[in-house]
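Just passing along the structure, written as structure tokens.
We call the chains A, B, C and D, going by the order they appear; numbering starts again at 1 in every chain.
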Amino acid sequence: MERVFRLVMSCPDNVGIVAKVSQFIAQHQGSILEANHHTEKADNWFFMRNEITASSLPFSLAQFTQEFTPLAKELSMQWHISDSDVANRVILMCSKQSHCLTDILNRWHSGDLKCDIPCVISNHDDFRELVQWYGIPFYHVPMTEDKQAHFDKVAQIIDQHNADTIVLARYMQILPASVCEKYHGRIINIHHSFLPSFAGAKPYHQAHKRGVKLIGATCHYVTKDLDAGPIIDQDVIRISHRTEPDDMVRLGKDVEKMVLARGLHMHIESRIIVHGNKTIILD
Amino acid sequence: MERVFRLVMSCPDNVGIVAKVSQFIAQHQGSILEANHHTEKADNWFFMRNEITASSLPFSLAQFTQEFTPLAKELSMQWHISDSDVANRVILMCSKQSHCLTDILNRWHSGDLKCDIPCVISNHDDFRELVQWYGIPFYHVPMTEDKQAHFDKVAQIIDQHNADTIVLARYMQILPASVCEKYHGRIINIHHSFLPSFAGAKPYHQAHKRGVKLIGATCHYVTKDLDAGPIIDQDVIRISHRTEPDDMVRLGKDVEKMVLARGLHMHIESRIIVHGNKTIILD
Amino acid sequence: MERVFRLVMSCPDNVGIVAKVSQFIAQHQGSILEANHHTEKADNWFFMRNEITASSLPFSLAQFTQEFTPLAKELSMQWHISDSDVANRVILMCSKQSHCLTDILNRWHSGDLKCDIPCVISNHDDFRELVQWYGIPFYHVPMTEDKQAHFDKVAQIIDQHNADTIVLARYMQILPASVCEKYHGRIINIHHSFLPSFAGAKPYHQAHKRGVKLIGATCHYVTKDLDAGPIIDQDVIRISHRTEPDDMVRLGKDVEKMVLARGLHMHIESRIIVHGNKTIILD
Amino acid sequence: MERVFRLVMSCPDNVGIVAKVSQFIAQHQGSILEANHHTEKADNWFFMRNEITASSLPFSLAQFTQEFTPLAKELSMQWHISDSDVANRVILMCSKQSHCLTDILNRWHSGDLKCDIPCVISNHDDFRELVQWYGIPFYHVPMTEDKQAHFDKVAQIIDQHNADTIVLARYMQILPASVCEKYHGRIINIHHSFLPSFAGAKPYHQAHKRGVKLIGATCHYVTKDLDAGPIIDQDVIRISHRTEPDDMVRLGKDVEKMVLARGLHMHIESRIIVHGNKTIILD
């Protein structure tokens, strides 16, 4: 894959934004590989993502930032630019189920998920060797009666590894509000229901009780409100009256791991903008 | 399609039920075209549906009933048998949207939906001519301030036409509890959300507000609790941040009409057993 | 829906195309509602579609064309612009199956498909009254031994009604090469298989024979090579060993009508560019 | 999961088969957990699968076989019975891609795929340590110019490990006809296209060339005719004009591993009967 710069921005909508931004890129001979726009009509807000071939530009990311800042100010932008050669640092957190963990590790190992995984943190020790097989440090932070102590230790490991992103790969614990706020828009959870149905505990059992004919999974950014953050991706599979909760647990794993992987992939490529409690996904 | 008898039963589970029922059928030279079983483990209840070639049996439906009753009593069955040559009488109720109505009419007209449609009832007069083109009586029963009068009139038309089944093809009115109870397990509604999410009014607007990435539709039996009856079928389609509520209304129509048609098809072929607040679908 | 101009273009890829085009639009105060780009890497070709609010521009479509032509020439563009208020004229052709026909007519009648339908042409007279109920002229052109005479008559009706687009809504006849060429990129067919599998006659029977577990439908532009033109859209549904060819015919209708409607919708909104034997769909 | 016997049979269709078989089970107090029938109309052939709680029967599998044989002969059955406590021995064969391999290993390790994996055979040494982490022997059998020698070695390992089933988890080599015949109905392959489209080499490149809008994967039993054996399961995902062959390779992996896992799951639970060049799947 060619090295690219990803320029992601949002600002109040107006005539001429695309012209100005693309003019800026063109005057520096920037070659646009991919471009996506969106205007949110409800609040007249504009979103844009450009992938620009890095080698086509005469300057570094730092220089780009310096040169682009005046225009960004003129248009009242929120914006950032990232370099595909600087990998997103993704910490994985898991518990006693391995389907999401091994799925992400395999995608990363085979080169399909282009990020760094500085470490895996778990409240159980089960997958230490599996994770270490991939050459990744594994931290076992047991959950104790002193929950605060557990989360302090977790927060310290996250900080120490300089995480860009935290993935709750079926971590099954509710993070403290302080962590949610510190990593706002950077903690990705997979919930095993089609939200907003069946938030909270034991969603497959809730689904079984209601008698639904499809079950699903939802990948979302974590906020301090349980299972209520901005939704990134969702999917469902068909079940029937014969599907017992245990079968749902088994079958649901496939949806969970696929939806989480798709969401993480979008996140790593800087394709997601959180806007209010929604996501704009520029793909 | 060959004429078949459809024997549908449920009873407490026990060793030997299938043996006894299939022995009964075999001793009368009945040729089983299709058979489906299910055991609900939670309450140890057994369900079975057999399609038997009518011409292979030496007796009529009435005689079958007489002969089978002792065995049904022995096994404490709830059961019924129906004849594919006696069409289910399906009354359609609609309002100002035609997608479900015309979809069902076209399936019926082309022979894909094997039922009778004794009449269409609507609180608006818009589709009178379209319905009459199909040779089906159309009743316009305007909604007035006196809701009771409206529903009395509707109930009278339903009775007069001897309905087996009532389909709320986007009827948009809440039927009185008395009608729901009288036609328990025989009123089919299509709700334009993936229940239990977004019950009640304006589900697409609710979905837009929550920022979900899939929208759906749910076909269910009507009970006196709004949008809470036994679910028959559901499906979803993918949307994005670009999908405005108006687009959802347009795109959702396709899911609504497909899900309603599938549910009605199952119902007409006596494939659905309501069990508690769930459906067992023997297909 | 707001009135928009749809500017659709393709040209050799180069630095600065987006800048120049969006600069052109911005300098005339054009408000871009939606923009999509694509670069085909295989032959370094660039594609773009812009939806511009008509009322934001100071000129008519004719003036736009005049003003834009120098830039289009400079960039060696193939391009066209259309006005959402000038409806595409879509002639429907059908035979003895009505599912696609009534589905399109209902979408059109309810305002979900924004086009004109100047007439319906069929080699059978079955749907005359149904079509006329919608206020649309119906032409019955029987197929005779003299195929040439049939197609001459068809071609004459098409010309007389000044068709922009011809939809073969299960027309079941192979159009002569001369018609295919005259309306290149403007004749849309629905084939009842997942192409390239099962081209030609009786695809469901071919599918049954091979024992596939999904059946599908393909919407494509017609070329002189049977079922080999550029694919617009496809979809599938799950079947099983129990699905007989007759069931496939019935179940497949749902996929056929959905896929055809989606393809036609894209076509009418000028979202499809034919490039070689493929389609670029800017949505 | 309760221990069950799986009785799978097929025979010429006739009145009374279900009665006789279920009577046999009932007279021994067998409790049927699940039962599925199918009649293939084309050749009037009957198929049935019963899951019977092992503890409800008074005898072992060997005794069941002895007692059941007279009835099986009377009805001219092909049949077998298996014990859920006797694990199917599944040998995995892979090459240089790990997505199917690790997916199956993780399902097996987490208890979702109830089989034994006596060994993994590969023509490359890449995944030796990963496989060994799971405690499974790994055989590296390089492909040499002497293909016969390679396959002789492979065949010897398969025999030595007493395989019930061989899974080609993206093995990428064509097995010799002798192996295909010896393990008829027991070698499962995953092909990365929606067969019968794009059989043979580089199906994603073929798909890209044709411009299809969905790509798929097919799980099938291997016969001596390349990619032409009985299809077990298939699925597809949506792509667009933007999806380059490399993206297809990445995205397709998800479909490949899901479809292969579903097919293997059905196979292990004795749910699949090969009939001619098709599969009857009793689930």
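The definition used in the following text is that a contact is a pair of C-beta atoms (placed from the backbone, for glycine too) under 8 Å apart; a residue touches a chain by one contact, two chains touch by 3 or more.
Just so you know, these numbers come straight off a predicted model, no measurement behind them.
Visitor: Hey, which pair has more contacts between C-betas, A-B or B-D?
Guide: Ranking A-B and B-D by C-beta contacts puts A-B first.
Visitor: From the centre of chain C, which chain's CA centre is farthest?
Guide: Most remote chain from chain C, centroid-wise, comes out as D.
Visitor: From the C-alpha centre of chain B to that of chain D, how far is it in Å?
Guide: 37
Visitor: Quick one: chain A and chain B, Cα centre-to-centre, how many Å?
Guide: From the centre of chain A to the centre of chain B is 41 Å.
Visitor: What parts of chain C, by residue number, touch at least two of the other chains?
Guide: Not one residue of chain C touches more than one other chain, so the list is empty.
Visitor: Residues of chain B touching chain A in their complex?
Guide: 38, 40-41, 194-198, 210-214, 216, 230-236, 240-242, 244, 277-281
Visitor: Could you list, by residue number, the parts of chain D that touch chain A in their complex?
Guide: Listed in rising order, the residues of chain D that touch chain A are 97-99, 102-103, 106, 109-110, 112, 129-130, 133, 250, 253-254, 258, 261.
Visitor: Can you list the chain B residues touching chain D in their complex?
Guide: 15-16, 18-20, 22-23, 25-27, 29-37, 39, 56
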